[in-house]
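Each chain gets a letter, A, B, C and D, in the order it is written, and its residues are counted from 1.
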Amino acid sequence: MKNTFGNSVTVTLFGESHGEAVGAVLDGLAPGTPVDGEYIREKLTLRSARSDISTARSEKDEFKIVSGVKNGVATGTPVCIIIPNGDTKSADYGKTGFLARPGHADYTARCKYHGFEDRNGGGHFSGRITAALVAAGSICCRALEEKGIFIGTHISRAAGITDAPFGDIENDVKKLAKKPFPVLDDARGAEMHAAILKAKSELDSVGGVLETAVAGVPAGVGEPWFDTVEGLLSHALFSIPAVKGVEFGSGFGFADKKGSEANDPLENVGGKITHLSNNNGGVIGGITNGMPIVFRCAVKPTPSIARPQKTVDAVSGENGIIEIKGRHDPAIVHRAAFVVNAVAGLVVYDMLSGRFGTDFNAPKTEVQSI
Amino acid sequence: MKNTFGNSVTVTLFGESHGEAVGAVLDGLAPGTPVDGEYIREKLTLRSARSDISTARSEKDEFKIVSGVKNGVATGTPVCIIIPNGDTKSADYGKTGFLARPGHADYTARCKYHGFEDRNGGGHFSGRITAALVAAGSICCRALEEKGIFIGTHISRAAGITDAPFGDIENDVKKLAKKPFPVLDDARGAEMHAAILKAKSELDSVGGVLETAVAGVPAGVGEPWFDTVEGLLSHALFSIPAVKGVEFGSGFGFADKKGSEANDPLENVGGKITHLSNNNGGVIGGITNGMPIVFRCAVKPTPSIARPQKTVDAVSGENGIIEIKGRHDPAIVHRAAFVVNAVAGLVVYDMLSGRFGTDFNAPKTEVQSI
Amino acid sequence: MKNTFGNSVTVTLFGESHGEAVGAVLDGLAPGTPVDGEYIREKLTLRSARSDISTARSEKDEFKIVSGVKNGVATGTPVCIIIPNGDTKSADYGKTGFLARPGHADYTARCKYHGFEDRNGGGHFSGRITAALVAAGSICCRALEEKGIFIGTHISRAAGITDAPFGDIENDVKKLAKKPFPVLDDARGAEMHAAILKAKSELDSVGGVLETAVAGVPAGVGEPWFDTVEGLLSHALFSIPAVKGVEFGSGFGFADKKGSEANDPLENVGGKITHLSNNNGGVIGGITNGMPIVFRCAVKPTPSIARPQKTVDAVSGENGIIEIKGRHDPAIVHRAAFVVNAVAGLVVYDMLSGRFGTDFNAPKTEVQSI
Amino acid sequence: MKNTFGNSVTVTLFGESHGEAVGAVLDGLAPGTPVDGEYIREKLTLRSARSDISTARSEKDEFKIVSGVKNGVATGTPVCIIIPNGDTKSADYGKTGFLARPGHADYTARCKYHGFEDRNGGGHFSGRITAALVAAGSICCRALEEKGIFIGTHISRAAGITDAPFGDIENDVKKLAKKPFPVLDDARGAEMHAAILKAKSELDSVGGVLETAVAGVPAGVGEPWFDTVEGLLSHALFSIPAVKGVEFGSGFGFADKKGSEANDPLENVGGKITHLSNNNGGVIGGITNGMPIVFRCAVKPTPSIARPQKTVDAVSGENGIIEIKGRHDPAIVHRAAFVVNAVAGLVVYDMLSGRFGTDFNAPKTEVQSI
């Protein structure tokens, strides 16, 4: 299993940046799951929104669903989503040398694929593949919303500036859903934006931290070893280009906590068991405890910068200096936020399908009774 | 797939803290892989070493290999390792109420297993299961060493004190291999130790950060999406009780870095391609780049503390105050270090077996030629 | 994944014929699933029953469950079953030559494991491993019975004699449950028995066909491609040593049928949809149709026979003549019948767990409500 | 995992008969594997060839490869193959009743998908999906040929007539490669053809048996339990619509064999170990023995026949009589032969990739040396 993820529900990615198309096959949706084109389009637009800090291609992410959907709902068979590449100028670089871009997968791809890889625009490593991931994940997110499960991500930190923390999570998550630059405190967001523009003017880029909450998942989901909630989520999240760290709840902050500060006391509040704090990020022993699942992803600065950098020619191995031309994103943290939501949606939907069966969110129909 | 992990090489865990035994089945070893009892025993001892900051059971972790090994080497068929529990006093708590220990899996287990779970000593959630993980992983680590791949972990931070960073990684890793309290700077280690004892005297516990290096993995291993090196490692690492964060290279530190600081320039040094820094922790685009794989795990403070804590009865749901009796580990970060090594060994061995075939480390034999 | 099978529920096998033990890890049982030692013992006895046509070792298949069961029910965590080998005399054949037994895995094992395999008594290829499979599968069979699903197998043909076909399947299945030589027509059974004894007297062995019915599986289980009911069952069934063919419903008999004879007409009988025939063996398009699942397994004659046979030395490659000493089973078809039941139980339980969720057969408990 | 198959190399199927397209994602090819459009087209044509016994749609199976191929070779990343449906007239049958076609998946699909399934032309159950399977599998077959592994299938029996058996397998396989009605004895083929036309004139259809040989696979591939060669092949083969039985070597014929006739003696012939017969079909103990892998698939008669048949309305459950209109294939056994080859190619390629590593058939390149 390589470019496929999931147990009960799986997603398979394909495509290259300058190839014919990128896409995904999403398999295992409950029959009758709504597949809402407007919702998907909205999420794709948030992922790719153009602005003074994003150089998304001008082409729109027009997607086509070529299977598995009828009358606006999933049939239950595999859903193949195709996002054609409008701009497919392609060159045969196969035999000519090229300077590997530091921080990009040019060199590692060469080591793995021996020169047969498609280098154009990053090929299969391009962030463009995440459009397919967002399309597939959005179907899951939308279905989870019908079950009362909401997922949202804010830019917790970027360019040295920290956003406000989550407060009322359900509310916060809903507010974040439509913000192309998703922050909880707009003033901090404006500061981040300015700092990103400054980095851009210096021909540089910035990294950041994304914080995500998944509200509404019932307690008792996940496994004690290996297929823990944290393990499954992190496995998928590390696919997102530039994600280099994943932490749950207090995460690395636990290093400076005492047990007496870190444990989450329980309380029965009016017949409902709750936790008085959420240092564990909604997961204990690999299993959900009914609190929101809260995690953070570290996002490295966009590696494409205009400054001269030392590198080697990936074919000849000779030393050289690369100066990457063209416009580049000085930050991708805001765009990655929507990819994180989609990935979380896929993983949570898969876990619930495994736990409660493949019809867990299927609408009731009379037809079932025959 | 629940308590099993791996693609080409898999490990399956079983057992409960106060049951008959804990153990693991390790499947997919190349035939002829040495299985060195002394080596395994040494790693088990490091994991469980008793001291003034560890309350490991007095019983020794005596393991038995009941299959898959003959004449000191793997046959190639599944290796089942059994670690009997010397101390199996067990009670039937099934129908009586009990106070869920905050920070432990008592409540989440109840939500998932509906009261049928074995609660004694944490049951299947017990850190004792990691003894089986260490035994299985040690076989992989030992085999990797023969291929020039070395894995080591130090306590990067604990109780507010920071160890020296990795310097000469290969050397550092070898030095760490036999230290029960694995630090690079012994003076810092002594400070940590003192701070842990202080927490203990306050009936409290501390968390920490572990930093691990895997030296010697060739470039070109891993997949661009989903089965990335980071994804596979983190998936398995989050199984280790108390691990709540995993980051690679600069990890969360990327948030405050510029692209010009974060990218790792390449250089041809005497015919060998190398990187001039290792902010990416040896992995770019999900694939190894030939630099050491470097990652850090956040470890939460031991949840068992003697102080009174608010909680609920996991059966009746009534509110109560728990005071956990007995001696408890004021820190587990030093013991977890050896579990991290074992898990890393399992994952790296699996990746190499998938990439280079199931005989990738099999000794050459004349028998092969018929 | 090698010696592990299943999606939602998995079984992992380990052990060698003359090693310490054989065993299985069964993971994914619903918490509260009864684990009935008497039931398992009964099935193990049927598998290994000694008689004039079976040379089962005199040792009893005493099994120990070392994890995952408490108070007679599954906790929901992995169940490890160990069946110790009473008779573990073992030799180091590693460097000496030996004649490969025709029809056995001696030569193929040597090609795969390069001489590191355990040859004693067939090692990991021994039929003895099926004891572990029967123990694990029996737990599933017992649980399925509580859901109204019954599995039974008869010797459809052996030594040239054909048993009566299934009639009233539910009844037939229950009758077969306790017969060590499971046939529907006892007179035919006696003829088979006599023919097997004759083969034995001629230092030879016989093959046969087993026919299995699984009654009570609801319609709508299985997948259209790859994880079809037929695909999952056959995948597992071909693990049983000596099984060389699997067919569903009319199977190879379809070759001589017309469509007008082969299609199974449907009828609504008093509000319940049924099929007027069952040529498709309960599965159409990979999915159950509510009729009993009926399949047949071809079983090859026991390869160990006393007659001289041409072969080669598996180490030196030199030609030779082998005469296998000792008593040997002139037939294993009757013993294999109980392995088939167990395997079918595992696969059906796994499919239902995937389809209806991991609690599909969990008893209702008050504890669930907190 | 549902509509995905494979371990190291996977194929994922999608599409509906009258939807936008059918297709497959093939992941895990060694970089540099030739992807030969002509070869694929030839196999697609053989699968769909129109004649007096086949009613393949008039549309050509024009396929597009939208990812994973550059300059005529695989890059090593997922290959997505799209076969657009020229003829996509579609109706919304969702709420109206319809008579389930006996022998088809209409009723089982309804039970599984609750009426959300796409019924047009069989939807996701249509034989048309096998075009995608053939396209993907052909890439593997072509690559295997470069390694000296050849796969071929003949119609062993159809409409009561039996073809000649395999003789010189390598030669036979090559002869079969271009025959749209693949038989070894053309006179028998003509008889079969006539018998099929007779069935057609009687508004009926016929079944058959396909026999396949895979020549050139080295000894030592496969696993002793679960991932046996037989288990993996049968798992995938049962996906092919109408396949209802799979047997290896003597298969069900073993029932009437003695051990002395069934065992395959070994002999060293000029330094090469061979077997003097191939009753085991090239696999013993789940592992290849170096002989050709030989298996047979039972193919049921095409269920669509023009005669009136009893059935029920799949929505209302009311009884009715169906008369299926239009032209229908009186036999599909000849077309299925090419699907079997493709599936065998996929499985064998996957097994070799797992055994010998993901580069097992990658061309040597200078680029590898950096």
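In the analysis below, contacts are C-beta pairs under 8 Å (C-beta built on N, C-alpha and C of every residue); 3 or more make two chains touch, one makes a residue touch a chain.
It should be emphasised that the depicted structure is a prediction, and the values quoted were computed from it without experimental measurement.
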Pair joined by more contacting C-beta pairs (B-D or A-B): A-B
Farthest-lying chain, centroid of Cα atoms versus that of chain B: D
Centroid spacing, where centroids are CA-atom means, of chain B and chain C in whole angstrom: 37
Distance from chain D to chain B - Cα centre to Cα centre, in angstrom: 44
Whole-Å gap between the CA centroids of chain A and chain B: 27
Contacts with two or more other chains, residues of chain A listed in rising order: 1-4, 7, 13, 77, 111-112, 124, 224, 273, 317, 359, 370
Chain C partner contacts - residues on chain D that touch it in the complex: 1-5, 7, 13, 100, 102-105, 107-109, 111-112, 124-125, 129, 157-158, 160, 199, 202, 204-209, 218-228, 230-232, 234-239, 241, 243-268, 271, 273, 276, 279-281, 283-290, 296, 298-305, 307, 309-312, 317-319
Of all residues in chain D, those that touch chain A in their complex: 1-4, 6-7, 10, 12-16, 19-23, 25, 27-28, 31-32, 64-68, 70-71, 73-80, 82, 92, 94, 110-118, 123-124, 314-315, 317, 359, 362, 365, 367-368, 370
Of all residues in chain B, those that touch chain D in their complex: 7-8, 77, 224, 273, 354-360, 370
